[in-house]
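These notes open a run of structures that come right after.
What follows is subunit A paired twice: with subunit B in the first complex and subunit C in the second.
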Partner chain A sequence: MATEFFSHLKCRECGRLYPKKAIHVCEFDFGPLEADYDYNLIRSQISRARIESRPQSMWRYRELLPIDGDPTVGLQVGFTPLVKARQLAQALGVKELYVKNDTVNYPTLSFKDRVVSVALSRARELGFKIVACASTGNLANSVAANAAASGLKSYVLIPADLEASKVLNSLVYGTNVIGIHGAYDQVNRLCSEIAGKYGWGFVNVNLRPYYAEGSKTMGYEIIEQLGWKIPAHTVVPMASGSLLTKICKSYQEAVRVGLVEESHFSIHGAQATGCNPIALAHKAGTDLIKPQPKPNTIAKSLAIGTPADGYYAVNVMRKTGGSAEDVSDAEIIEGIKLLAETEGIFAETAGGVTTACARKLIEAGKIPRDEPIVLCITGNGLKTAEAVQPHLPSPRLIKPSLREFDQLVAAELQGSPATV
Partner chain B sequence: MPILVSIPTPLRGLTKNLDTVNGTGSTIEEILANLEKEYPGIGERLVDEEGRIRRFVNIYVNGEDVRFLQDKATPVKDNDEISIVPAIAGG
Partner chain C sequence: MAQEKQRFWLNFDSKGVTRPIIWEMSKKYDVVFNIRNSSVTEEVGIIGLEFEGERETIKAAVKWLESVGVRVEPVEINTIEG
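What follows is the complex of A and B.
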């Protein structure tokens, strides 16, 4: 499919146009570059029926993604379940609640596979042989796996103190894992220096305009899975703030290309209190993001103290009538357990953040109880098991004896007769 | 002692490839105005049409972001070090 749906890169600040190369910053005012499309052409070619006839992956929205040819990386990524969460809805006291479950995204169990499949497909089109990233873990896992599967060499740079499982889930793919003594923001700064010097394809530096667009597919899927409707409320975790802005863009684009009726929607942002620069700005009524030099939270995947899209995220929440919230480590653990115990979904710490913030926003009346709500759950709990482990009971151990089991059950039922 | 202003790589084409230049003035606003006099064209790269420091330009006085001091009215004095640093995108 050789197409010209994706026309150029455009500065989000001044609107200057740039060619579709591995660049990410406006030369004039340093604003971020974003992919821009020929929406009239897309509108004339895309339709619900056409999308529905395609394989169930994120690439069914191909027209709205920034590559030139057919995708070559991550063809099976996306189209994760949208779960109607009846028991969680009951626990939170709301009428209609859904979980967009990217804990089971393919292949590395987080929403990052979406952004990486776009970034690496584009990296190949641009001729890169080495790809790399700065990451809090999930992105590193996805770059490592998808690079391995597509024959690209990769380097992933991460803060040295990440969860063991997130480190292992990069190492296993044979990538070059470089741990940096420092916080994510320092890793990121180093990566922009490396990108300038080595000419590699850094998915979230010089390929960022392509990478970031992959997040939109989460929004398109939510719309399609709701029966081509935009949910009234979407709760999104915020690290750099990019996912939140792209969910908003996906809803707006779906209207613009004629896939769905225009309807009012609010986007709400969730952060951990230990790293809440975006939520703090929103609550203070400003869009000036004060960097958090030393993030301190178990939600390490959200621990970005200098969020690149913070300004845009605050404005999306404000313009859509959304709100921002942040939660403590204890609330994050409760959120993880609540989602697991009510819906059988084991989310990583960021999912605990989203669930706990949703609860707070509902209780505060900022999300009405009678309108549809979607929670974006972006990563798998097995990757941050060490954060939850101290808060779970140990298994009870017995010998392989029916008598011991009977005693155990009897003790639990406190003397009441066992029922079959 | 002069006020030193460090210039980021993308703007050095406007400062005769100098990575550090001398600043004059008693506030950031004056420093920027005088920079423009000496190196025409640099002003619009740092400040927008309404006179605000551009969103993706950070200006630090002795390591402190002026946005969290007094913005363009932030006072500067001899020996101060001013850094102009484009925001880092990423994450």
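What follows is the complex of A and C.
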């Protein structure tokens, strides 16, 4: 069986082809490079039965991922539950709703494990011994953990004022954490210079074309877990906008290689109002993204003021008939609580954004109530517990006395039907 | 001093769009610029630019651009992710 299905990198702007190296922008127009495949070859070798016979991980879609040989990093990543969310559906007044639950993705509880597994598998194929990233949270944790597990040395660059709890989740894996003093812009620029100067595999810079493709596995899994169907509506959180474009690409590819029947689908994007450059552009009917220099939201994992794939995300939403929405911090908290209370899923703030935006889109009639909807929930609530903590009640305290407990329960049951 | 090349996206707001800022910059600083991509509307302008020159001169040119209200980002844009 052939193992090389991934043929070259291709500029998303001008279509120029590039070799499969650690490069990420077109030399001519600075357009982003994207992995391209020999789809005819894939179509001849892939099938539902073959995929279903493989281990339950994201690598069961190996033919559609940008590596040459077998994967070597993150072999257990992915195939997270697609939960049929009956109670949340009832709360939102819709007929059929699912939650793609990447809060339990292995090993670091966010969808970033998907992208990092691909980036690091490719980094090894390209001969890198050191991998790096600049991140304020999930990406750093995932690079640190997956690099540790695969014997790669790693560097994580962070703004110097990042909260200690977030740094701990990277430090524990033995990675080299470097704090950089300065404003976001300065830190960003230094990171790009470091990526250019050192011969490291920078997962979201020179390995970006490989890294980004890992997101597609979330889409393939949704299709397979729905019984090989594309959902009519998918709601996706947007930071750079990359995940949204890759979910779309996964649906299109699944049709192209014969895994699923073609059907109409809409992809909707969710942002926080405190950092909503993509949603704003979509609402304004333009595809020019106005940078937001000072994001201000509790959804920090989505707070990218200059989203690299914003233009492409707007176009995907427009072409698929999707909508963009944004929500306030208070709505994000409500979204987190609603998902937790109805489905038992504790999502990070980005998950609150997705749930709350879905609610708004449904209420506005932009997502019809009688068509299947999937919410992409990308990270675990334990990672951003401090954002929710002030909005939860304190436990009620009693003395070690059965009488006090009886009184408490009696007060609780007053006015509701007897249950004992 | 060694010459080097650096690539940036320049973002202009509505005021910047009508001012010949790149021309002004080239008069002030000894950098070679090469426009690779651009998208300009009445409200916003985005230009992909390659600079060639001494590192310190490029740095000074970028600082000047920022001082006149242009947002300058490396082509990698968001190297810092969540």
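Throughout what follows, the second predicted complex is superposed on the first by the 392 of 420 C-alpha atoms of A that agree within 3 Å, B and C clash if a C-alpha of one lies under 4 Å from a C-alpha of the other, contacts with A are read in each partner's own complex, and residues count from 1 in each chain.
Going forward, a residue touches a chain if its C-beta (ideal position, glycine included) is under 8 Å from a C-beta of that chain, and two chains touch if they have at least 3 such contacts.
All values reported here derive from a predicted model rather than from experimental measurement.
In the superposition on chain A, A:Ala254 makes contact with neither subunit B nor subunit C. In the superposed model, A:Pro293 lies in contact with subunit C only, and not with subunit B.
If you count the residues of subunit A touched by subunit B and by subunit C, you find the higher number for C.
By the document's definition of touching, of the two partners only subunit C reaches A:Leu302; subunit B does not. In the superposition on chain A, contact of A:Asn138 is made with subunit C only, not with subunit B. Shared interface residues of subunit A, touching subunit B in one complex and subunit C in the other, are 13, 24-25, 28-31, 134, 136, 184-185, 188-189, 191-192, 204-205, 239-240, 288, 290-291, 304, 306-308.
Listed in rising order, the residues of subunit A touching subunit C in the complex are 13, 24-25, 28-31, 133-139, 157, 159, 184-185, 187-189, 191-193, 195, 202, 204-205, 239-240, 286, 288, 290-291, 293, 300-304, 306-308, 350.
Those residues of subunit C whose C-beta lies close enough to touch subunit A in the complex are 7, 9, 11, 36-37, 39, 41, 43-44, 46, 48, 71-82. On the subunit B side of its complex with subunit A, the touching residues are 10, 45, 48, 54-57, 65, 67-68, 86-91.
Of all residues in subunit A, only 13, 24-32, 134, 136, 184-185, 188-189, 191-192, 204-205, 208, 239-240, 242, 288, 290-291, 304, 306-308, 311 touch subunit B in the complex they form.
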